[in-house]
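Across the two complexes that follow, subunit A remains constant while its partner is subunit B and subsequently subunit C.
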Partner chain A sequence: MRYFLSIYKRAAHLHFLRWMRYRADVLVWILTIWCMLAIQAVFLFVTYSVSGGNFFGYSSNEIIGFFGAALLASGLAQSVITGVILTLSKAVWQGNLDHWLLQPPPFLFRIVTEELGIVWYWPHIIVGSGIVLYAFPASLWILAFASAIVASTIEMAIVLIFCLPSIRWGRWNPDEGLWEYLESARSVPIGRTRSFMLWLASFGVLQYSLALEVITGRLSLLILVLISAALWALALLLLKVLVRSYGSASS
Partner chain B sequence: MLRVLASTISVQLQQKLLHREFWIQLFLDRILPLMIPLLAWKAIFDQAQAESLGGWMENEMIAYYLLVFVIGIFTDVTFHYEMSTMVQMGTLNQWLIRPLTFFETAVSHMVARLVLLLIPGIAALLLCLWFFPSIFAGLTLSSLWNAILVLPLSLMLFNLLAVSIGMCAFWVINTDSIFALVMLILEFFGGRLLPLDLLPVWLERVSRVLPLRFGISGPVEAILHPETTSLVPLLLGQSLWCVLLFGLVLTLWRGGIRHYDAVGG
Partner chain C sequence: MSDAIVVKDLKRTFRHYEKKPGLLPTLKSVLWREWNDVSAVDGVSFTIPQGSFVGFLGPNGAGKTTTLKMLSGILTPTAGSCTVLGFTPSERKRAFKKQIGFVMGQKSQLIWDLPPTDTFVLHRDLYEIPRTQWNETLETLTELLRVRHILSTPVRQLSLGERMKCELIASLLHKPKVLFLDEPTIGLDVISQVHLWEFLGTYQAKEKMTVLLTSHYVHDIANLCQNVIILNKGKKVFEGAFDSLIEKVEPERSGLIRFRKEELKKEQTETIAQMVKNRHLEQVDLHTYRIAVPRTELSAATQWMLKSFPIEELRMEEVDLTEVIEKAFAMESRA
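Let's look at the complex of A and B:
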């Protein structure tokens, strides 16, 4: 155990050293993320004001809470999954995945530790948590955080399901496009709209709207957990196929 | 000259068509994000059962977003990426010592991209006409005339912005982050996400001093309301920003090439 912990510690240290090297780029991305948050807040504010408060039946606090829960969930999900996707794509395309597989600790945990993207997403997590605490009454805090965490696991699974086939069978990583989509698509809670087209176009961000329905008591948390479990089963299956078929294809 | 340009465009187009993931990328990071505000507004109108919201009739709002959607597809210029790659990989060298100038290469890149975008752009336009036939029923010949006048300058504005950000590749490792930040801010203040008159007053004022008001919102207004929109200030604004950005591109290019001589290759 101590051996594993020392490896994780060293990996985390190296990770931060690497980000320090690219600090200008990191700062611009962090600024971009903040600007995107501000723009989403303006979009929500304007649409809510223009609709005269008749916003799919949500109260203003629920909308603010949705914004916070989506931020928190997205921050958690992206912190974990972005590095995994980038590392996996590099490792597979350069034929280095066997190096990861041969190391003693489980390779997925090691990638998560080494590539944890909290450097980028701490604003999401902190601001999102703050908004959740502000917008929902204390009696809903636990449910709100639990829903946000389950929604974040759904986002991780969606990203994996999208990216793993491209990494294995193509030489292209759709993570960046997917990130842009996820960031700009989660502007409005759509759980109570009847627009099928809007649901369809928002397929990657429905989990946030569903989380809001869980928090407001219209949906069971169990359903959200089941959705997450089903998506993770598919994602892990794809990961297993990637690892199993890697040896024959990479060399 | 034209024959050379046509050949280089053809080569660039063939290169771009090799990458079939282009279509998925375009769908994910351009088409879907552009569609969501449109669908959200339509759902808000349906829910509110109101004729107008914030001074906008439902048909006007949908027409606004449809035009923004089409402009958004045609202006998905990513020349900053090509430029970064050329500087980082050192392949810029070949364009500096060959008879074909870098300017011609850059133009061929952008025209090839535009030709490629004609496919999703025209498809989107036809789909819009199919799904919302009544929205564009009110458009007149003067709308078409205005579109012909303002859209090329709008395209040029986007291209010059992408090139000027691409020129930063001489000084920074990665221009993707700068491009994302600049375009996010400028497109928002250009009216991509919301019509500018719906923004809070202080934010609307900021948009007046930024270029993409003349690239997105201005052209859309000129096409939707040709009778009430004066073309002269719009064309002047577009031309002025194009000249300014072209000057910026030239300055960055000259400074960058000096920098590149010293450390690049």
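Let's look at the complex of A and C:
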């Protein structure tokens, strides 16, 4: 555990060093992340106003809490997902996977830590946590955070599973396609429709809806954890297949 | 000396499908595909003793890199077995990975935007290298490779030669017992190549590492390797010392003889003409002839020539290593 923590610490440190080298990156980060947060807040306000304080059966606090949990989970998930997708893509294209397979830590851990997006998405995590603390009573804080974290792991697993076939062939471009779809899907307000088809069509909302079901006491946290465990088992199985069938012979 | 690497009947097959161009064949290929199996490595066996420097030679697609990747655990063999330091590489055990290093000429492990030192520090954590050992090794390696001045320069601003030296440092910091080098001098200028050869020769002798080197440059192998393994189309065509390879494919040594024409007697001129006729000599110009004799008879033949004829100059020709390798590539695979 100490070994993994030391590598995680080093990776975060290196990620920060790498990120700070480019002033343009810092500027883009300020513009995109804070603008995105502002737009999402406006969206929330409009939704709340239009629904007259009762949106698909959720109370106003629940909607604000939903937004906070979504931001928190989104920040956590994107910190890892963006890194994982970017990393896997680069790994297959540039051959880093070869080196990671040779290094002592398990390659999945190496992939997760290599492009850690911890710097990029910290506003989501901080603002999201603030909203969760504001919107839910203190007795629900732990449950709210736990649900948001488990929800983010579900999202990570689903994105990873969907991206793997592309990564397998070295075609994945993280700047377009599925990732953009997922980004937009997260902002679609499906609410508590209980329609699996619609939920499946919007992975992001599925996770946060499940989280909200847990926070409002309609679903057990254990079930959420089991869903996450099952999806990660599938994702790891597919990753194992990816590495087993890895066919980079020479270049 | 015990064996560091034991390879038995190692095979790796890659599968790919073939598709004709055009829309119809594309649609057809979605439902029905013609699969082709390509044997990148086809039943290769060899053993490498600990502490030896072995070269892998072969044309493109011979299976050199695939073999190294199977020995390092990146690729899983389709059939056969290999053990490195007593481990099965494809199991990728942490204890095994801590004892090997791999430098790939075309794939960097350095963090592109940061100075090489940051990658070295990361490797200290990854390989759990004690800080004092890390400091000492880094000091030694930077000294030997003469790269101290570039340790704070971002990798993207380094020249190819400097980058390759840093790649070597990153792979050697944890003092591996086995080092795999896959075309480390590709794209380097002659001076950088010589620096790398010098370093590798010195360091390998000092640390008694087992080194496997693949290269397209024959001189890399000739300068560094005690033994050479030649692969062609996935099969081993030669294994042994480089000298014995030359002996096998180029058994004759040739030299140029320049006679003092004015001192040649009539019978000597006739003997020369007879030798040309019998193809023991080949006339290059008016006074110069080329002689080719088996290596074992070289000494006797030279002495006889010097004793029998007035000779102005006798010069042995260098063995053309590229030609030797080309001939070796063409050799049939041993059963």
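Quick notes on this structure:
The rule is simple: the second predicted complex is superposed on the first by the 200 of 251 C-alpha atoms of A that agree within 3 Å, B and C clash if a C-alpha of one lies under 4 Å from a C-alpha of the other, contacts with A are read in each partner's own complex, and residues count from 1 in each chain.
As a convention for this text, a residue touches a chain if its C-beta (ideal position, glycine included) is under 8 Å from a C-beta of that chain, and two chains touch if they have at least 3 such contacts.
What you see is a predicted model; the values in this text were computed from it and never measured.
Residue contacts after overlaying the shared chain place A:Leu237 against neither subunit B nor subunit C.
Legend: residue contacts after superposition of the two complexes on their common chain; A:Ala229 is shown touching neither subunit B nor subunit C. Number of subunit A residues touched is higher for B, counting subunit B against subunit C.
Of the two partner chains placed by superposition, only subunit B is touched by A:Cys35; subunit C is not. With both structures placed on the common chain, the touch criterion links A:Val46 to subunit B but leaves subunit C unconnected. Applying the stated contact rule after C-alpha superposition, one finds that A:Ile126 touches neither subunit B nor subunit C. Once the two complexes are laid over each other on the shared chain, residue contacts for A:Ala24 go to subunit B alone; subunit C is not touched.
Looking at subunit A, you'll find residues 22 touch subunit B in one structure and subunit C in the other.
Those residues of subunit C whose C-beta lies close enough to touch subunit A in the complex are 14, 40, 65-66, 69, 72-76, 92, 94, 97-98, 100, 102, 104, 106-109, 111, 113-114, 118, 121-122, 125-128, 154. Here subunit A touches subunit C in the complex through residues 3, 6-7, 10-11, 14, 17-18, 21-22, 94-96, 98-99, 101-105, 244, 246-251, going by the rule given at the top. Residues 22, 24-25, 28-29, 31-32, 35-36, 39, 42-43, 46-47, 49-52, 54-56, 166, 170, 172, 174, 176-178, 180-181, 184-185, 187-188, 190, 193-195, 197-198, 201-202 of subunit A are the ones touching subunit B in the complex. Subunit B makes touch with subunit A in their complex at residues 19, 21, 24-25, 28-29, 32-33, 35-37, 39-44, 46-48, 53-54, 172-174, 176-178, 180-181, 184-185, 188, 193-194, 198-200, 203.
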